[in-house]
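Heads up, the next two complexes both have chain A, just with different partners, chain B and then chain C.
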Partner chain A sequence: MGGDGGEGKTSMKLLKIKDRQMWIFFVLPGTILLVLVLAFPAFQSILYSIYPEGGGSSYSLNNYSILFSDSVFRQVFGNTVLFVILSVASHLLLGLGVALILNRDIFAKPLFRLIALLPWVVPDVVVGIIWRWMFDPVYGAFNDLLIKVGLISTHVQWLSNPKLALLSVIFVNLWRGFPFVMLILLAGLQSIPKVLYEAGAIDGASRWQLFARITLPSLKKMLVVALALDIVWEVRRFGLIQAMTQGGPGNITEVLSTYIYKQYFQFFRFEYASAVAVVMTVALLMVSLPYIWMISQEE
Partner chain B sequence: MSLFLVLCLGLFIGFSTYVSAQEKVTLRFSDWHLAEAPWDKTLAEAMALFEQRNPNIKVALEPVSYKDKETKYTVEIAAGKGPDIFHLHAFSLPMFFDKKFAKDLTPFIEKEGGAKFLEPWYPLCINMMKYKGKVHAMPGDYMSMVLIYNTELFKEAGLDPKKPPKTWDEFLEYNKKLTKPPERWGVAVLGAKDPGFELRFSPFLWSFGGDYLTPDNKKSTLNTAEAKEAFKYFIELYTKYKVMPPGVPTMNAQDVRTQVAHRKIAWEIGSGWSAPIINSINPELKAFDVLAAAPLPYKKKPVTTIWLSSWVMNPNTKHPKEAWELLKFITSKEMELNWFVKNRVTSSRKDVSEKAPEILNDKFASVIASQLPYGKVVPQIPQWPEIMDAFTTAVQEAFTEMKTPEKALADAHERINGILARKK
Partner chain C sequence: MIKGSKGKFFSGIEIYGFLILVSVYALLPFIWMLSTSLKTEAEAFRVPPTWIPIKSTLDAYVSMWTKKHFGIYFLNSTVISLATAVLSTFFGALAGYGFSRFVFKGRKFLIGFFLATQMLPGVLLVGPYFKILSKFGLYDTRTGLIIAFLTICLPFSTWMMKGFIDRVPDALDQAALVDGCSRLGVFFRVILPISAPGMVATIIFAFLLAWGDLLWVICLTSTESMVTVTLGIARTVGEFQIMWPMLMAGALMGGMPAIILYLLLQRLLVQGLTAGAVKE
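Entry: the complex of A and B
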C-alpha cells in the first residue's frame, strides 16, 4: 500500500508540474493571434502616424499638427460625437421600450421577438443601400408612405437636405441597431425575480415606482454593457453611412470611420489616415475605460 | 539492383516534371465590368476563348464594384497579393504608379517589337500609360463624353431631335421645355462623390474657358472669372432653373442612367457605355432606337472629357509571361472590336476606332469618335482624388444651398491650394 501511495504522490507531483505548464499551451495560441491581428497592426498604425507624409526619415508629430488644424477633421469629429450620442441614446430608449413590451405576456410573443430582431441581422451595407432607395425623393417609398398617412404634403429630400441628412442616417441607424440593446435588456428583464414586483405591489407601489425602484436598478449592469458596446460600435460605424451618403452632402454626414477610409484608400494618405485612426482609438478608450473600470469594480 | 533504383528514380523525376509542365497556370483577372450587365457575359465569353487558345492557362474572374476597385487592389497589392491583371480608369494610374502598384511592361513590349508594337494605339493613350518614361499599363476603351438624349421626349416637348443644342444657353432653353415636374425633368448630373463626376462636369468648366489647375499643376485656378461663371451655370440648373430632378446632390452615374431608362429625364452626359446599360435597366425603352448622341454644347470653345481605361499587371504576379499573353489578348485588335460590337465602347487603337466599319457607321460611336479631337484629360497627378473630393464637396454645398456658389467655389479653391502645397 505504502508503495502505491508513494507512486501516487509522485504521479500527482508530476501532474501538478504538468498542470502548471499547461496554461502556456492554452494561452500561447491566443496571445500569438492577438499580437498578430491586434497589437502588430496597432503598433504599425502608431508608427505610420508619426512618419512624415510623402516620405522622409525623421519621425515627428507633424501629422497630428496637420490634423488638429484641419477644419474638415474638426467638423468630422463633431459629426461623429453627435452621431454616436444620438444613435446610442435612441438605441437605449427604443431598445428598453421594446424589451419592456416583449417581456410582457403578449399575443405571439416569439414571433414579435423574431421580427424585432430582423433589422439587426441585415448587414450594414445592405441596410444602407435599401434605405438610400427608400429615401429617394423621386422613387422612394418612404415619402409616398408619409404622404399617404398625411404626415408630409410634398416629397422631402431626406439625404440631400443638409438639415435632414445626418438625422436621416441616425434614424436608419436607430432602426438597424436597437435590436441588440433590446436583446441584452430583455435578457436582463427576464432575470429579475417576480417576487420583487409582487412585494412592491403588496406595498402599494405604482407602476412607475416599480420600474424606477426595481426594473432600472436591476438592469444597471446590462445597461452599462449595452452602452459601452454600442458606443464602440457606433464610433466604428462605416458601411451604413458609406452606402447611404458617402459623407455628403458636403461633409455633413462624414464621420471618423468614413474619413479614415477616404484618406487611406482613396487618397493614399497612409500616414495621415493612421494619425486620425490613433486619435479615434484614444477617444474610444477615453469613453470606454470608465465603463470597463466600473464593471471590474463591481466584480 | 542499385542501377534499377536509379532508373526508377530518374523515371519518377522525369514524370513529375512532365506532369508539372502540363499543369495549368491560373491567372486572376479582375474588372468592374464583371459586375455589370451586359459586360459580364462578353468578358466571360472572351476569357473562354482565351483559355481555348491557351490550354495551359486558366482565367479566374473576379468581379469588383467600380467604386471600390482602387481600395480592393491597393489592399491586396500592398499585402503582396492581388489579381494578376486588373482594370482601372486612367485617372487612377498616377496613384498606382506612385506606390509602385503597376508592373513595368517595357521588357514585354521590347520583346514584341518595341515602338512598332505600340504603333496602332493613339500616342496620347500610350503617353498616359507611362511612368518615368516607361509603359506601366496598356490602354483600353477610349471615348469622349457626349449628350445622350431621348428623341421621343424631344418630340413630346416640341423639339426637333435632329437639332440638339449647340451652346449651353440653348441647352438651358431646351431643358426648360423638357421639364414637367413631377413627371419629368430635363437633365440630371452626378452630384455624389463618385469617380464619374469629373467626366460630366469638366466640359462645363473647360468650355467656359476655365480650368481646375495651372498648367504646371501647382495652383488652383478655380478663382478665375471663367471658372466662377461655369460653376454658377452648373449649380443654377438645379437651384434656380430647377431643370434637374430632386436628389441630384446624392445621385451617382447609375442613378442618372436609371432616370433616363424610366423617362424621368430627357438626357444625360454619357458615352459609348450609356445605351447598353440603359437598355439593360429598362429594355422596354428600346434604348438603341429611342436614344441618340450629340456633341456636348459649349460656351466659348467645343471641348469634352476623355474617358480612357487601362489594363494593369500586378507587380506581385507569379506568372508574368502568361499575364502578358492575357494583356495582349484583351488589347488585341480582335478583342477591341469585340468590346465595341458587344458593348459599344470605342477603342484606344486607331486601327479599330478609325477603321472598323462597325464603328464608323454606328450612330453613337460615330459621334463619340468625332469628338475625340476636342478631348481633354483631367490632371494626371496623385493628389487628384483628394482635389476632386474637395471640389465635389463644394458642388454639394452649393447644390444644397449650404453656401452660395461663389463661397463654395472659393472654399474649394483654398482647400485645393492647401492640398497642392502639402505635396513635396
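Entry: the complex of A and C
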C-alpha cells in the first residue's frame, strides 16, 4: 500500500484520516435518534417529577417526599423487589437444570428444546390471559388438575386470595421466563470444549468436580448476561400482570410498572407518577450499572 | 458430556421423568388455550372442565374476526411492528458497524450509553411521550407508536447487529477499500449482504419486541381503529362477562406469528442474543 511519490503519500494519509472519521457517519444517526426518542423524554420526566402537583411554578422535591411517605408506594416497591428476586432466582434454577439436561445426549433433544422454548415465545399479555383462565377457581384447568392428582381437595382462589395472588403471579412468570435463561445457558454449555471434560475425567474428577471446576466457570459470562437481561425485563414486566390481575386484589400484585401506569392514565397524577418512575429508573440503573460497565470496558 | 462415566447424579429414568414433567408444565397452558378456543360458550363454563371439547367449533375464531375487529388489530400490529423492525435494524446496522470497525474517542462511553438506554423502563417515558405526541398530532396514530417502539428496539438492534458484524472479518473491508470501494460501499455492498442472516434475525427480534408490547399501545392510543392485537386481548379482561373461547382464540392467533417466527429462526436468534457474550 501507499503511493511512491510524496504527493501520493499525503493524499493516501489524508484518505486514511478521513476514513477514520467515518465512524461519525455510522454512529451518529442512531445516537441522535436515541437522544431524541429516549434521552430527551427521560429528561422531561425528571422535570415533571420536580413540578408541584396540580400546578404552580416553583420546583421542589415535594413529590419525592410524598412518595417516600406513601405506604402504598412502599408496598408496591416491596412487591416489585419480591417479584423480581423470586422470578429471576427460579428462572435460573429451572433454566440451568433444563439446560444441563438438554446438553446431554438424550433422545428427541430438539423436540424437548422446542417445547421448553414455547412459553417465552408468546407475548406476555397472552401468557397473562391464558393463566388467568387456567387459574379460574371454578371453570379453570389448574384446580381441576390438582384435584384429580390429589394435591388439593377444594377449589383454590389463586388470584383473589391475598396470601396467594403474588405467588401465583410469580409462578406464572417462572413459566414464562425460564426458557430464556435455558436458551442462553444452553448456548454457553455447547461452547465448552469437550476436551476439558475428557481431561478432567482422565484426572479422575467426579461429576460434581467437573461441574464446579469446568462447567460453572465457563458459564460465568453467559450467567451474567442472562441474569442482567432477566432482571431488567422482570423489573419492567407490565403486560403479564396487567392482563392477569391489574395489580389486584387491592395492591397485592401491584408492581412499579402497573402502579405508575395507573397514576398516569387513571388518576392523571403526572408529577407524582414521574417521581415514581424516576425512582424506579435509578434503582434499575443501579442494578444494571455493573453489567453495563463490564460490557463497555470489554469492548 | 461423557456417556457412562462413573458417579452420575441421576439415572436415565429420572432425567426423562424430569424432562417430561417440564414439558407438561410448558405445554398444558397451550393445550388449554387451544381446547377452550374450540369450545362453545356453554361448554367453557362446564364443571368439571373438559380437556377435549365435546363439540368442537370454530365459532370463537369467526366471532373474533366479525364481532371484534380482529382484522384491524392484526393489521395494526403488523404494520407498526414491521416498520419499527426495519427502521431500527437499519439504524442499528449502521451504528453496529461503526462500533465494530472504528476506534475513536468516546467509543466506550457511547457503547455504555446504548446499553444504558436499553435498561430504561418504558414507564419513565410514556408520560412525556403522551404530551409530546399530542402536541405534534401524533397521539393515537401508527406513526406515533412506531416512534415509541424505536425506543425499545433500537438499542437491542444495534447490539445484535454489532455482534453479527463482529463475526465478519475486517480483512474483507480492507480488501474492498484497497480496491477503491468507499466506506459506504463497503457497508452496503460487502457487510450488509454477508450479514443478511443476522439482519433477518434482528428484524424478527425487533418485530417480536414491538408485537408483544402492551404498555405503549395502552398509553398512546385511544380509538378502536388503532388497537393492536395485544391491546385487543388485554382490553377484554375488563369486560363484564369474559367470552373465554373468543379470548383464547384471539390469544392463540396473537401468539401464532411469534411462535412461527421463533421456531424458524431459533438458532440465529440465540446467536444474536448472546452476541458479545461468546467470543471466539
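The working rule: the second predicted complex is superposed on the first by the 277 of 299 C-alpha atoms of A that agree within 3 Å, B and C clash if a C-alpha of one lies under 4 Å from a C-alpha of the other, contacts with A are read in each partner's own complex, and residues count from 1 in each chain.
As a convention for this text, contacts are C-beta pairs under 8 Å (C-beta built on N, C-alpha and C of every residue); 3 or more make two chains touch, one makes a residue touch a chain.
Small disclaimer: the values here were computed from a predicted structure and weren't measured.
With the C-alpha superposition on chain A as described, chain C and chain B clash in the combined arrangement.
Ranking chain B and chain C by residues of chain A touched puts C first. Legend: residue contacts after superposition of the two complexes on their common chain; A:P162 is shown touching chain B, with no touch to chain C. Once the two complexes are laid over each other on the shared chain, residue contacts for A:G30 go to chain C alone; chain B is not touched. Of the two partner chains placed by the overlay, chain B and chain C both lie in contact with A:Q246. Contact with both chain B and chain C is seen for A:V138 once the two complexes are overlaid on the shared chain. When the two complexes are overlaid on their common chain A, residue A:F265 makes contact with chain B and with chain C alike. In the superposition on chain A, contact is made by A:R207 with chain C only, not with chain B.
By the touch criterion defined above, A:E53 reaches chain B but does not reach chain C.
Two complexes overlaid on chain A leave one chain C stretch from 97-105, 133-141, 169-177 or 187-195 clashing with chain B, and it is 133-141. Common to the chain B and chain C interfaces on chain A are residues 132, 138, 246, 261, 265. On chain A, the positions that touch chain B within their shared complex are 53-55, 66, 72, 132, 136-138, 155, 157, 159-162, 245-252, 261-262, 265-269. Residue ranges of chain A in contact with chain C, taken from their complex: 1, 19-20, 22-23, 25-27, 29-31, 33-34, 37-42, 44-45, 48, 94, 97-98, 101, 103-107, 112, 114-119, 121-134, 138-141, 144-145, 175, 179, 183-184, 187-188, 191, 194, 197-198, 201, 206-208, 221-222, 225, 232, 235-236, 238-239, 242-243, 246, 256-257, 260-261, 264-265, 270, 273-274, 277-278, 280-281, 284-285, 288, 291-293, 295-297, 299.
Only residues 1-3, 5, 7-9, 15-16, 18-19, 22-23, 25-30, 32-33, 36, 44-49, 51, 91-92, 94-95, 97-99, 101-102, 104, 107-132, 147-148, 150-151, 154-155, 158, 177-178, 183-184, 187, 211-215, 218-219, 229-230, 233-234, 237-238, 244, 247-248, 251, 254-255, 258-259, 262-263, 266, 270-271, 273-274, 276-278 of chain C touch chain A when the two sit together in their complex. Residues 70-71, 74-75, 95, 98-99, 182, 191-193, 245-250, 259, 264, 382-383, 385-386, 389, 392-393, 396-397, 399-400, 402, 415, 422-424 of chain B touch chain A in their complex.
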